[in-house]
Structures are given as structure tokens and as C-alpha cells.
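Labels for the chains are A, B, C and D, by order of writing; each one numbers its residues from 1.
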Amino acid sequence: MIRVAIIGASGYTGAESIKILLGHSEAELTYLTAIPEECGAVEDVFPQFRGRCGLEIEPLDIDKLAELADVVLCCLPHKVSMGFVPKLLDADLKVIDFSADYRLKDVSVYEKFYAVKHTDRDNLAHAVYGLPELFRDQIQDAKLIANPGCFPTGALLAIAPLLKEGLIELDSIVVNAVTGSSGAGKNPSVKFHFPNMNENLFAYGIGTHRHMPEMEQIAGEIAGLGVQVLFQPHAGAFDRGIYSTVYCSPEGRIGAERLVQLYDDFYGDEPFVQVCNDAPAVKNIVGTNYCHVFPTLIKGRVVCFSVIDNLVKGASGQAIQNMNILFGLEETLGLE
Amino acid sequence: MIRVAIIGASGYTGAESIKILLGHSEAELTYLTAIPEECGAVEDVFPQFRGRCGLEIEPLDIDKLAELADVVLCCLPHKVSMGFVPKLLDADLKVIDFSADYRLKDVSVYEKFYAVKHTDRDNLAHAVYGLPELFRDQIQDAKLIANPGCFPTGALLAIAPLLKEGLIELDSIVVNAVTGSSGAGKNPSVKFHFPNMNENLFAYGIGTHRHMPEMEQIAGEIAGLGVQVLFQPHAGAFDRGIYSTVYCSPEGRIGAERLVQLYDDFYGDEPFVQVCNDAPAVKNIVGTNYCHVFPTLIKGRVVCFSVIDNLVKGASGQAIQNMNILFGLEETLGLE
Amino acid sequence: MIRVAIIGASGYTGAESIKILLGHSEAELTYLTAIPEECGAVEDVFPQFRGRCGLEIEPLDIDKLAELADVVLCCLPHKVSMGFVPKLLDADLKVIDFSADYRLKDVSVYEKFYAVKHTDRDNLAHAVYGLPELFRDQIQDAKLIANPGCFPTGALLAIAPLLKEGLIELDSIVVNAVTGSSGAGKNPSVKFHFPNMNENLFAYGIGTHRHMPEMEQIAGEIAGLGVQVLFQPHAGAFDRGIYSTVYCSPEGRIGAERLVQLYDDFYGDEPFVQVCNDAPAVKNIVGTNYCHVFPTLIKGRVVCFSVIDNLVKGASGQAIQNMNILFGLEETLGLE
Amino acid sequence: MIRVAIIGASGYTGAESIKILLGHSEAELTYLTAIPEECGAVEDVFPQFRGRCGLEIEPLDIDKLAELADVVLCCLPHKVSMGFVPKLLDADLKVIDFSADYRLKDVSVYEKFYAVKHTDRDNLAHAVYGLPELFRDQIQDAKLIANPGCFPTGALLAIAPLLKEGLIELDSIVVNAVTGSSGAGKNPSVKFHFPNMNENLFAYGIGTHRHMPEMEQIAGEIAGLGVQVLFQPHAGAFDRGIYSTVYCSPEGRIGAERLVQLYDDFYGDEPFVQVCNDAPAVKNIVGTNYCHVFPTLIKGRVVCFSVIDNLVKGASGQAIQNMNILFGLEETLGLE
């Protein structure tokens, strides 16, 4: 039984991780922490777990953590995470970090987009980007996994086969995405106040979203060359899910059949990526760790659609998938 | 042209009042105020009015107000309102107050439910409850109108004919209501954070909602006897509307035909109350000043359904309706 | 491994049953059927199961069914079900029937509310009402379980302790319920067309809903006396969940403390019923088999709130709970 | 008083047109028609008009129509419309046609995308495309106005200034749009069944949407050159609104300041187009005839955002705006 701790357990990704782990047959939750004002019985912090979880969320005690857990899901916010991860690694714990702190290999890019000095370059250097469909081999030997951002997960799975095969112009990629509102996190705000957000849709993070350089870095790794991505997110009036519509120009000619074959080959053995033959829909993947993708050609361009649940494949589900790989378990365990 | 000012214009009822008045042919907005941190061009405070309204929302200046307006829509919160209304009346302005401060005639009830001392008993004494369908005569001569609460408007219109005719047991009334989320006001909160409120429904204010004594007072006035109301509100995942389902026991026997006749007679000349022959629906009245009611008998009880838009008939629309009456205009002017 | 078949698998309760059984460690889906026009690969009929289920939904073949399954979840509609159940029982299969055909013991009531002649009185006589919290003992020995209606499940769990203890007047019960739209089933209709249903709320089935006599029958069994229930359902703009607000008059005096103690005692050992100390919320139980209840006193009346997911505790989850009991498995297996 | 008839009044655009005209001070509804099975009192067909409209919707009688109306809003579906419009024009009525039948000047394109032979080429030849911001002069003298499609309205207003000034590469335009569900029309369908559409988002009409050639034709007219548009619509879980995000490559260099200036100049006198300095939001224009646009530069590309209400500026509101122009009225009359 793998013993799992969650740091920063009081937010949406904490709750989703708890939910998944409650049903995991080879892992058990042993320790949950949060800032003091968000501590308490899990049942009280998250009424959806009444009768389902007897644990307390407590202020973090590293010694206790080291004693109780084999692996830590670190659900702390960006910038905060890198203050804790070194201590967790020093305590010989495996760490799956949900923040962006260990995703961007180029520190200057991180420091520009997150407007803070990076304080843990050592661990950054050996962190592995936890997108199993692309980096499974590295994940199984990792000590520190940088769990991918939700938008990069959706966008990268949409176009990875094309990048890998060098079939698209690397400065032509436009990622238009719409995310459910849980992506905004649990803290109330004017924009996500129900009477404001309901029946609404709007673009945000125009030209500045932090997932843009993340997409570019990983896309570049896949392609083996520099990649430019124009990423434009929008917020929609639904709880969960990210719909990515990716437009790009083919490098040379590519036929519809070859396109489908390429995706079928690339994802044929993947348990969580399904290649569809029509536009995917958010509702078909909500609550699951699945990604549905559909590549097609429109007027000479390649257009790829993908959907994921931002809290599952885009966060907690992918973290558990990484954990399963890390501990040599069946990759799909506990996930649906 | 009636000159209208709005105090506390930066909230939802302020916005709805502005919207209605922009289309009113006999009234014009002349002055808008709010607390300093919520001031600014109307276009900036409420982007839905871009290009539609050139006014500024300014900090309140009573002298300026007295000069610019004939009537004030006072959209201040409960407890705050009674600090301003005396000054407005002293400046010889007519006042339509959206708060509860002038609704409850029994000061001890007010002080119990609102947990504050009432500081303006003089004006309270002559304030008129602004439910035109029941108090039209008093409204036309009023100086101070207490605009009714949203839930009382829906519930009272649902059962007024029965109360008036003495057809129900006065301790048997149960009002089960579901309100759209705009009833919670514009300030973000955990409960109304979109990812929490969406796909949700819950009861609140259990046994303590402040609209309960308001319903009882007015129901008592209509019946001419003391009335007990068990009022239970719920919040639903929609923007606007209040669905009231009112259960009560008939005093003696009443047939279905007589029931319908009673309502048809009572509301036959009312422009904004429509008696339906089936369950009303929120969507049929959203954005309008209408109330749809449907009385019926189920297993020997009287069950009355009503729907209103909480921001229109339950607030700003009813205020304009009151204003129209107050100034001798056609009652429906500017309203749809 | 228990082998489970689903008849009428192509609707919402079929899909929910498949979802639950895919994660059940002691049961496996072996056979799925539907009317011919709704047959096909599960992955095609329900795109949410892409990559998750390799089964086909086929036209029913009773012999094949008898060979492949130990138990049948019969998800056929009312009136249709009783045409198939006798054959299933004759084939020595255990049957959990989702329809109303085996719930109402009084055939004349069934025939009045469902407007059809009952054609299987023999099996009706020995069918067990599958509400485990009240009839667990009978369930474990049953051959035919009548899985309860969604509204009766929510309403009965809300007031069972009061009925059992004889603490309320048996003609005073009013059940006001709001259901999510999945309760309407999968077939498109004008009322549930998205642009009509969205942002809407309305009452329906006024005085005629078929779950009213079901509530009365079971409430009567619990109380040991005849019970009258005024049940009024409403449809709300959310996918899943039933919010029941039950009003009743106490028989004599009852204090708040005794009320809470009563519920704590009654449900203390129940895995799926949680007694709350504040109003429950739909969102806290969506996707789970849990029922959250909260009993309280308002102005001398007892008001009990309950929430369930209509497709889980109100249908498929409860069916699996019944199946677990029937086969001597841990009652919570496969359920969350 | 202009006398207005609506043919095909029983759908969503009919209802929206009725709503607007009920509040129009210089026009009155005189005649409403629909197919026989959708006729009846307006109050019954559309319960939102109870007490607001005393008209009947009747089967069409051309003679009666000719006698009662000066102008016809023809809300018939594509392909049906061109069977009626010639008769209306013969009866000397002005016609504003909501269908696509008179929008596409190239009959072969029409016949390809609508899969039907065009039967009224004569009138097609002199029909005017009713986008007032671009074709106001032609509209005022027209006899037959082809009211624009909802998606083309949003997309064209987003990029018209760029097209007019020749600032973008004409084969680089990608229009990513999300529409509210009312765009699907009033007829129930599986995709728009509430439990399926709610909490969902999906692309549709991939590579085949009929508004693509319409955009290309009008964009070409504005640019004076052939234009290629890759248009990809998505359906979102909200009632109304179209969010268009348009990506294109600048022809040479263009600075952010010039971009904003260009839009300010182009739309400065337009009553219904507002140039914003941040991403627009659906909720800010719902229920109005406004279009909010925001042009910006991201990574060397021009990205333009626009929002409209598909039933107002995208249909009925624009039709009334056209009617106002046609009859020399103030262009904003009756519109908000």
C-alpha cells in the first residue's frame, strides 16, 4: 500500500485527489495538510466527503509527513511550492508537484512570467515533466515530477503526433481554449461570482497566460526544434473541462487519412487518450482522466480538437497516473 | 420629465434601475451615487451600458441631489438606508427605498430580525408599503415608499386573494421559495462562487429569514388578522427569478372553480399579474415586471404558485411602477 | 465475480449502472440489451465510455441472458418492465427492477396512476421494495427487488425516523422537491430543450405525480398506519440531484435535541445516509450514493431537508447497493 | 406608425422580434403568421407575452398581409423563404428576410452549401446585405434586405476595419466562435437536450458551416479582394451570445496604437458597436443590439474579439435596425 500525503489539500485539486485516492486499491491517504485557517476534519472542509473520509487536514509538520508518507502530492500554488519541495525531497519523499515551479526549464522564462525569482534551481534541473503519454520513461525513475498545467495537457495531447513527426509549421500554432470555471480555483472573485459568470463567456490572459511558455517549451522538446504557440484561453460557464481547438499549417501536404492514421498509431496503446472521428465534447470526459482528440483538415489547415477534465487529466488524475507509474503500479489504477 | 436619482447605484438593483430608466419616456436619470470606491463612469462600472449612458456615478452630495432630482431610488443596504432617508425627505425629495428599513411597522420585530436599533421611527410611521396591487391608493400620495422585499412580493401576490377573502387558515401557510443567485447581491462569496453554486441548490436562512416577518405583517394587513407564515427560501443555480410554492389549508371547503374565479376577479385589472391555468415558469417572466400566478387544489389543500423576476418585480421594476403611480403616470410606463 | 446484465441499457440509468459496474471489484458486466434502434458498441452509444468498455448493447435474447448473467438490472420503462420480468424470474435470474411496476402493492392504485392493467400480480406479491435503510432484511432474501423511485427515496429517507417513531401527524406531510433535469430521461422534449430549460424552474405533475402514491404506501408501511402525502415536484436547471424539503406537523411536542438524536440513532450505522447539522446541498452528493439529511424545527413544525443524486441513490447506485446486499457482498462495494 | 408583419413568427427570432416591436414607439405589430400547427394566441404560443400582446398567430394569407403591413420580417427557414419572398415583393411590401436565401450572391455557392436549387435569382440580384455598419447607404433604398447570419455579423464586425484598410493577409483569417444554444433553434434535439447540453461544449459544422461562405463573400466585398476564412463554430451551455475570437496575420507591420485608432475611427459614430480596451464578455451584451469588439496584437498576430447577442444583433435586433433605416427613423429606435 503506497502511503500518500497531500500538501495544500484544501483546494479543488486537493479535493479531487482525495476523491480519487479514496477509491484507489493500492494507495491510501495518510496525511493531509493546509494553511491553518483551512484545516479541520476533511468532512467539514469538504462536505462531499461526509462519511467517506475520517482524516483531518492539519498544518504541515515535515517530520510527521516523512514518517507517514511515501509520496507527496504537492497542491500548493505557484511560487509557494518551491519553498517546500526541497524539504520534501530532503526527507526522501517522492514529490508530484502541481505548481508551475518545476515545469519551465528556462529560469528566465519562469521569472518573467511568474514575476518572482526561482529559488530552487537544483531540483528544477532534474524535475521530470509529468505527461505520461510523452515522458513515461523518465517519469518512472523520477524523484520530482512537475505535474503539467491543465491547458498544456490538452493542447499538447492535441498536437503531439504532428510535432513528433514534423508535419506542421512550428510558428503557425494557434491554441484557442475554453476552460470550465473550476480552473479559477476556489477563492471567490468578482469575475467568477455566480451571477456574473453564469451565462457568460470571455477571453482572458490575453498574450500573457503563463501556460503559453509551458506549451512552447514542451512542444519544442517534442519537435526537437523551437516552437511558437499563440495561446488564447477563455472562461466558460461550466464547472469542469477544457476544450482546445488548435489551428496550424501543415508542413507540406498531408492527407486526411494519413492524419488519422498518425494519431491512431501514436495513441493506439495509450489507455487515456482516445482518438475520435468527430468533434469531441466536454461532457464525454468530465470526471474522467480521459483525453478525447480529433484531428482533421479544414481548407488546407490542420485543426485538432481535444477535451480533458481540467481537474482530472489536467491535474489530480494525471498526478495519480504519474504516481502509479512511479511506483510500478498499473497505470490506470484508481482512475476512470 | 421626472428627474430620477439613484443612491447606491453600483449594485444589481442599481443596474436594473438604470436599464429600465434608460428606456422610460417620461423619466430621466439625472444623478447617480455610490460609495467612493464604486464610483466612476457608468460605462466602466457596468460595461453593459457602454454607449448607452453617459452619466457618472459619484459620491453622494445631498445638495446636488436636491437640485437635480424629483425622486430618489434609494438602493442602499438594510440598516444603511435609514441613515440617509431622513435627509432626502428633508430635502423635499420623494423616496422609494429598496431596503427593509421602512417595511416593518413593528420596530421590535425589525430590531430583532435586523439586529440593530431603528433610528428613524418618525418616517417609518408614514412609509407606505409599495405593493401596488394591494396598496395603490396609499402609494399615490406617499412621500416615502418602502419597496417590498423580493420574496414577500412573490409570496403575497400568490395568496393575497385568499387572505383578503378569508378563505384559508391563517396559521397554515408554508412558503417554499427558490431564488436565482442575483438575490445574493454583487459581492463575491464562497457559496456563490461559480464552481460552488453551479449545478447546486440549497436551503438557507432556515427559520430566520428576514422576509418572514415582512410576509406576516403584510399578510396580516390583507387578512385583517394575525397570520403565521413558515417561509423557507432556497438558492438555485440561475441568475434571476423567484419560484414560490405556497401551501395552505382552506378555511372550510373551496372548489377549484371558485378558486380560479377568485383570482381572475382579484387580478383581472392588474397589468402585471397574470393568472395562469398551469404551473408558471421562471423563464416566462425573466426580465419583466410580471408575476404569473396559478392557484390550485391538491388533496384538499390550496397550493399557489407564483413567479417573479427578483430584480424587476421584486425590486427595480416594482420601484419604477411605484414611481409611475406616485407621479400620476401610466403605471406600466418604461416597464415590460 | 457476480455476472450482471442490464436490460434497457441505452438510457441514463443504464449508463450510470455501467459506470458504477466498471469500477466494481466483485461484479462484472456481461450482457447489455436495448431496443434494436439503440443497440451498438457501448463506446458508440455512450461516448463517455470510449476505451473503458468493450461490450456491445444487443437486442434481448433471454436464453443468452440466462446463460451469461446471475442478476439483471432491468432499466425498462414503467409498463414495459412487467412484460419481461416474469421471463427473467422464470430463467432463475435475480432481478432488480428500476420501473414502478413492482412498487405499488395495491394494484388498483397502480392501475389508476399508470393507466394500464397490471399483468404480473404474482410476482408483484413477493417483490421487495429496495430501500436498504428500511428493508435490508427482506432485500437479502429477495428474488425480485423493486428499486425505489427517485423522489420517494429522497422523501422517505428525510422522514423515516419520524414515521417510525410516530412523531408526526400522518396527514400533515408536504414534500416539496426540485429535481435535476436528468430525471426527465434521455428523450428530447420541448420543456427540456436547452434554451427552454436553462435558467428556468417550474412545477409539474401537479396533484398527479406517480411518486405520490409510492411515498404514501411506503410511508404507511413505516408508520404502520395510513399516511397522506402532498407531493409537489419541480424541475430545475441542473443535471442531477433531488432537493426535498419536507414540512410536517409534530404529533405533540418535540424538541430540537430529541429530533437530532432521533436521526443520529436511526441513521448512525447507515453507510450512505449522513445526518447534517445545516441545510444540505445538491453539490455535496452529486455523483455519489449518499443521502444528506437535516431535520429541524421552524415555528413549531418539523422541516426535514434531504438531497440525493437521482441517478445514483435515486436509481443505479441504490440498485447496486441492493445487488451487494442480495449477494452478501459488502454493501458499499463499487459505490462512492 | 409603421405596420409590421412577421412571417414564421413562432420561433425564437419571431419571439425576439415581437418583444422588440412591443416596445417600439414608431412601429406596431399588425400581423403574425406561422404554419398551422404553430398558430394560436401569442399569449399561448409564447407565455412570456401573457398580458403583453393581444395578437393571434395565423396561417399566412398574402392578401390580408398586403393590406395590414408595410414591411415584413420574414423569419422562415432557409430554402423555405425564397418560396414566399417573391409574393411579398409582388404585393409591394418591403421585406427583411432572416434566412440565407438572399445573402449569397454566387448562386453556385448557395446551391452547394444549402444543397438546393435557388428559385428566385431575380430578387437575389437586388437584395441588400443588411449589415448597417457597412452597407447603410444601400439599406435605406432597399426593397429586400438579406438580414445577416449571426456568426457573420460577429466575425465581420470584428475585422471589418482591417479588411477595409487592407491590413491583413486575406488567406490568414481564422474565426473561432462559441454560440449560445438558442442558435440551434426551437426544435428539440438530442444534442441540445438539457441533460446533454448542460455543462457541455463542443465544436460542430467542421469545415462545412454555411456561414463560412457568407463570411468570405462579405469580407471579400469589404476588402475588394478574395478572402479565405477558416470558420469553426462551437456550441456552449448558455442561452444567448456569440463569442468570436478572430486570428489573422498582419500585412506588414502594424502597431497596437494604430490598431486601436483604426477601430476607434471606424466605429466612432456607430451607435451599436463599442470598441473596448479589454476582452469583451457575452454577459455585457446579452439582450441588447450591441457588439463589443476588442482588437489586439499577440506575438505578431492580430487577434480580434467580438461579442453579440445572436438573437438581437445577430437576428431580430439587426432586422429592426434595418427597418429603422429603411423607413428613415432614428436607427436606434426600439433597440437597447
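Just so it is clear, a residue touches a chain if its C-beta (ideal position, glycine included) is under 8 Å from a C-beta of that chain, and two chains touch if they have at least 3 such contacts.
Keep in mind it's a predicted model, so treat the numbers as computed, not measured.
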{"item": "For chain C and chain D, chains touching each", "value": "A, B"}
{"item": "Maximum centroid distance from chain C, chain identifier (CA atoms)", "value": "D"}
{"item": "Which of A-B and A-D has more C-beta pairs touching across its chains", "value": "A-D"}
{"item": "Distance between the centres, which are taken as Cα means, of chain D and chain A, whole angstrom", "value": "39"}
{"item": "Distance from the mean Cα position of chain C to that of chain A, given in whole angstrom", "value": "36"}
{"item": "Whole-Å separation of chain centres (CA-atom averages), chain A against chain B", "value": "46"}
{"item": "Multi-partner residues of chain A (each touching 2 or more other chains)", "value": "180, 196, 199, 237-239, 280-281, 283"}
{"item": "Parts of chain D lying in touch with chain A, wherever the complex brings them together", "value": "174, 176, 178, 180, 196, 199-204, 206-207, 228, 230, 232, 234, 236-241, 243, 245, 247, 278-283, 286, 296-299, 301, 303, 305"}
{"item": "Touching residues on chain A, where the partner in the complex is chain B", "value": "12, 180-182, 184, 186-190, 192-199, 237-239"}
{"item": "Touching residues (chain side chain D, partner chain B) in the complex", "value": "19, 22-23, 25, 47-48, 50-52, 199, 271-272, 274, 276, 280-281, 283-285, 287-288, 290, 292, 336"}
